[in-house]
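Next up, some structures in structure tokens.
Shared between the two complexes below is subunit A, which pairs with subunit B and subunit C, respectively.
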Partner chain A sequence: MDRMLTIHVFRYNPQDPDSTPHMQSYYIDETESMTLFIVLNRIREEQDPSLQFDFCCRAGICGQCAMVINGRPNLACKTKTKDLPSQITLLPLPFFKLIGDLSVDTGTWFREMNTRVESWIHTQKEFDPAAEEERMDNDTAEKIYELDRCVECGCCLAACGTARMREDFLGAAALNRIARFVLDPRDQRQEKDFFEIIGNDQGIFGCMGLLGCEDVCPKNLPLQDQLGYLRRKMGIYALKNLRSTKKTC
Partner chain B sequence: MVETIYTDLLCLGAGLAGERVAIEAAGAGFDVICLSIVHSKRSHSSAAQGGMQAALGNSVMGEGDSPDIHFQDTVKGSDWGCDQEVARIFVDTAPIVMRELAYWGVPWNRVVGGKGSYYKGGQKFEKVEDAAKEGLITSRNFGGTAKWRTCYTSDGTGHAVLYTMDNRATQMGVKVHDRIEAIAMIHDGETCQGVVARCLRTGKLRVYLAKATLVATGGYGRIYKNTTNAVICEGGGQSIALDTGLVPLGNMEAIQFHPTGIVPTDILVTEGCRGDGGTLLDKNEDRFMPQYEPEKAELASRDVVSRRMIEHIRKGFGVKNSYGDDNLWLDIRHLGEAHIRTKLREVDEICQNFLGIDPLHQLIPVRPTHHYSMGGVRTNKDGAAYGLKGLFAAGEAACWDLHGFNRLGGNSLAETVVAGKIIGGKVVEYLKGASATFNTAIVDGFIKKEQARISALIHGSGKENVFELRTMMQDALMAGVGIFRNEKDLEKAVRTIQEVQERAKNIGLKSNGLGANPELGLALKLPGMVRLAQCVAYGALQRRESRGCHAREDYPARNDRDWLTRTLATWDEGADLPTLNYEAATPTFELPPGERGYGGGKIISADESEA
Partner chain C sequence: MWNDTTMYVQSPAKTSAVLDWLEVLSGAGLVLFILGHSLFVASVLFGAATFDGLAGFFESTGLAQVGGPLIGSVFLLHFILAARKIPFRTEQQKTLWAHARLMRHEDTWLWLVQAITGMLILFMGSIHMWIILNDLPITATKSVALAHSGLWLWFYLVFLFCVAMHVASGIYRAGVKWGYIRRDNRAKAKKALYILAGALVFLDLVSLIRFYFLSV
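Right, the complex of A and B next:
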């Protein structure tokens, strides 16, 4: 454990007129079980209290601490220094609005995304407090939870070629969210409703299928399967729909 | 110019409690804004793993369960410190709330009919689930309960429920302003009118004025050095309520230590590990809990298990680790691959990521660590805070008082949503009768005060280092107000915290304080955190008995004659200690004080005359 780590950090405080974007290096001695959570907090407390970065749960659960670590988007809190070389470069996630240094505004983007895809159960049924809950097969519940595990960290968008080119792209996180509701028998939305949201170039047809997203997803969500599934489903819907419009004219 | 935003209901916090109240008010047509330090879906509720208790009684091991049994478990768990009226409302409402969550979209695990197996104390048993219950919400075992009652989604219950709740809030038109931190409460001595807040994107101040304000800011574990809590759990809501000098905080000395934080990071592994059959082992890899607690073993209440672990370590059975202290082992190996990789997958990930071990083959190093705050903003059973009109509180930030001196695992997550529903209804009633008149002079006074604090920190001549002071406070609590407490150590903690409070008047920034500067953020918060820490330490010093988590080595008996009470702490401006008052723990006794059935310990009954 006697490595000296060099941490190169992107610095820029948009609220400070004297600040310009630049890289700054810090030196820190490595300790046992060290994570980037420990590294960054030690830098802030011991060397530079102005350094901006985001952590919340520090347990890989909340999705607050995504950043680009030696070129790869990941959650900083669960990244161990022993898995990295002694030169570590930290950049804020691209695609999201920069707040300062390593801190970016994922919250605003995800809130808008949730509104755009109407990320909730659509049903005509009323809740009856006196009634037994509607039954569900445990396997179905587990399949839904599998996709529900997304932590809205933004890594998939940071790694996505399409997102880099068009900022209105919904990205793997939103498409995965749709797949979650497609699976859910409680949601009464039909194919056409989902098609309206993602059957376009901002949605599933914008996806190039190169799977940068699945490679970086820290929760190992099965994004490839979901994107493939939606592409087929929406593709078939488009075809059918095309045929039926032809018939009527 | 300071931006001013008006709304009907202002929720400080967008975790489960804040959003559940918000949904109720939005549903009644009111304008609602939730403030949050982080994106709402990252609120600390998302980190809850194990589950939430409700007496649905669907699983075979929960058969025969009822709100009455849930009530008894909760009151015993609280060591008779809870408000029994509140506990009754809670247990009766919890099943409805779980079903409502199912209706909103939570993917609860469900009953699978037929033969299966489970583990208890390391041994395998058979069970047969009723085929007629197939597909209903199932439950797992948790500590201190007579039945399997904890509803769950794998070990990501908090995440799954918060995502559903936040989605529902969005659907209902609740507005969330994230990266906004409340730093002062605006009031005229009678009514709460909103808050002064700091934007964590720009550093600018803002004012929120509201007809009703709800404190739902969660726990304040970060006043301790070692805690399972997220780094944002700093008690912002409780401390600005305390600063009014009018609103009391209840039972601040009631602090829960969880038996299984991992070493050295104190990240939690859920009680579900033990509920699902995991065991605690010592340095000889012997199971030791049955020798202390023959009946409940690993599944006694948390306060009891944590104390027994420390007792066992003190007898020399701890495992020396390279961080300079002792730990014990949590063993879940026998639960098998299928179970660990599906029902305990968050635990699996935490072990792999933070310990570099595979829990299927290796033991998990654990120690008791700070976890939960039973105390908080004292409210009546409607969630209305004492001391100011128009102010409500819910969730971990509140002392509604469901938990008394020890909360049961699974009762807190359930409380956020149950209390949220009930208090939401009461807030709506209040809003229907409320009118808004805001006195600009008063509002300006509060803004000027915060501007002056900021200016003094940036331009003043203070020399104290904010990070060092925080560490000093955290260490003082760890040393003096831990699992076992005594007068000497408590007095020392009180004195140290007084010293920190004094020195915190001279904090000087090392950085320029511009924008969303984190050093300034902490400097603004620290004095409030220190006052909370003092409420904890001083309240513990004054409570001369042992009850639940509050274990006084010098007063080992539970004293129902003198201390069947709730501490109420207020803080007068300029004081260096809180003022403590006491009220009866509960207005009525549905379950009269008695034995808990675990933990041992002597009881001085209410009928005993003074010795």
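Right, the complex of A and C next:
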């Protein structure tokens, strides 16, 4: 652990008219079990208090510290310096609005996405607060949980060639969210309802299959399998219902 | 998605789905054609007479005269359908290029190879079809002469490489997009992709070399 790390950080404050986008280098001695989260905090505490970056949990749960690390989107708190060369380049996630330096606004996008895919259980059943919660079989619960592990870090969108070209593309995060509700027996939406949300070029048929999302997801979500499953499901639905185009509200 | 609105109009239209089906089905049809075409051209390995015999069969049954323009139309249709995803605006091209360079991600580069070879195939394939179909009947003698004239040998060397890469990456991409290539078999599928591309290049290359050295 006697390496001296050189950290090249993108600096730009859109709020400051005098600020221009540039790279700034910091030098820091590597310590044992050092993560980029530790590196950035040390830089901010010891060298440059103006450095902007987001973090909250430092345990890969909040998804706030996502950034582009040597070309690949990942979480700073999950990335150990020992797995990287001594020259490390950090960029803010593309695709999202830049707040400053390494900090981006993923919240606005995810709020819009959750609205657009109607990210909640749709049911006609009246909620009875006194009733015992309905049981779900364990396999289904585990499959839903597997997809629910998404921390909304935005790495999948930053790594997606389609999303980079077309801002209206829903991306793997949204499609994975839909896949989660398709699995949920409590959600009374039918294939038709899901098709109306994602059965277009902004949704599943816009995906070009570049698999950037699959390869960078810090939570290792099975995004490739979900995208393939949804495309086939929606494609078959479309073929079976070619002649029914009447919209039901 | 950047509009700060909470109103989204959902659509039951099946257009995107139908176009996506047409894209993959036209691609699958063209893959079969290319494989058949490579096997037909490779018949020269058994001699000029075998090649001429097969070519004669295609012409006597009208397959060359009718099938040629038909295949050309399917090529054009496939291009138009695939072009829905290809970045044509300079801004998009720059973004995707920068993205690929930054990510250094094999599948992103592979998609770029697929898109670029697709464009080249449309251009070079049109020239190839024009040359061949305007000079029927197809014979080994004419093919030998073509291989020896001007830059045609180099033209076909580039063309066969483009076709092999586009076919292999297209099959892989369709498998990924439609869920047949999954996380658990992706590594094997990727290996199969390169083996298929290599085999196609090898077969076409051997046929081309045979034409070049064939004495008729």
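Convention: the second predicted complex is superposed on the first by the 242 of 249 C-alpha atoms of A that agree within 3 Å, B and C clash if a C-alpha of one lies under 4 Å from a C-alpha of the other, contacts with A are read in each partner's own complex, and residues count from 1 in each chain.
Operating definition for what follows: a residue touches a chain if its C-beta (ideal position, glycine included) is under 8 Å from a C-beta of that chain, and two chains touch if they have at least 3 such contacts.
Here the structure is a predicted model, which is why all the values come from computation and not from measurement.
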item	value
Subunit C versus subunit B on the shared subunit A, clash or fit after superposition	fit
Subunit B versus subunit C as contact partner of A:115, first or second or both or neither	both
Partner chain(s) touched by A:225 [first = subunit B, second = subunit C, both, neither]	second
First (subunit B), second (subunit C), both or neither touched by A:99	first
Partner chain(s) touched by A:159 [first = subunit B, second = subunit C, both, neither]	second
Partner chain(s) touched by A:29 [first = subunit B, second = subunit C, both, neither]	neither
After fitting on chain A: smallest Cα gap, subunit B-subunit C, Å	10
Shared contact residues on subunit A - subunit B and subunit C	108, 115
Of subunit B, residues touching subunit A in the complex	38-42, 44, 46-47, 96, 98-100, 102-105, 107-112, 134-138, 153-154, 156, 159-160, 163, 166-168, 170-171, 176, 178-179, 200-203, 230-232, 264-265, 267-268, 322-323, 342, 346, 349-350, 353-356, 466-467, 509-512, 514-519
Residue ranges of subunit A in contact with subunit B within the complex	13-16, 32-33, 35, 44-45, 48-52, 54-64, 78, 80, 99-100, 103, 105-108, 110-111, 114-115, 118-121, 125, 127, 129, 131-138, 141-142, 144-145, 148-149, 151-152, 184, 186-187
Contact set on subunit C toward subunit A in their complex	1-6, 8, 10-21, 84-85, 87, 92, 95-96, 99-100, 102-105, 107-108, 111, 173, 176-183, 186
Parts of subunit A lying in touch with subunit C, wherever the complex brings them together	68, 71-72, 91, 94, 108-109, 112-113, 115-116, 159, 161-162, 164-168, 170, 192, 195-197, 199-201, 203, 205-212, 214-215, 222, 224-225, 227-229, 231-232, 234-235, 237-239, 241-242, 244-247
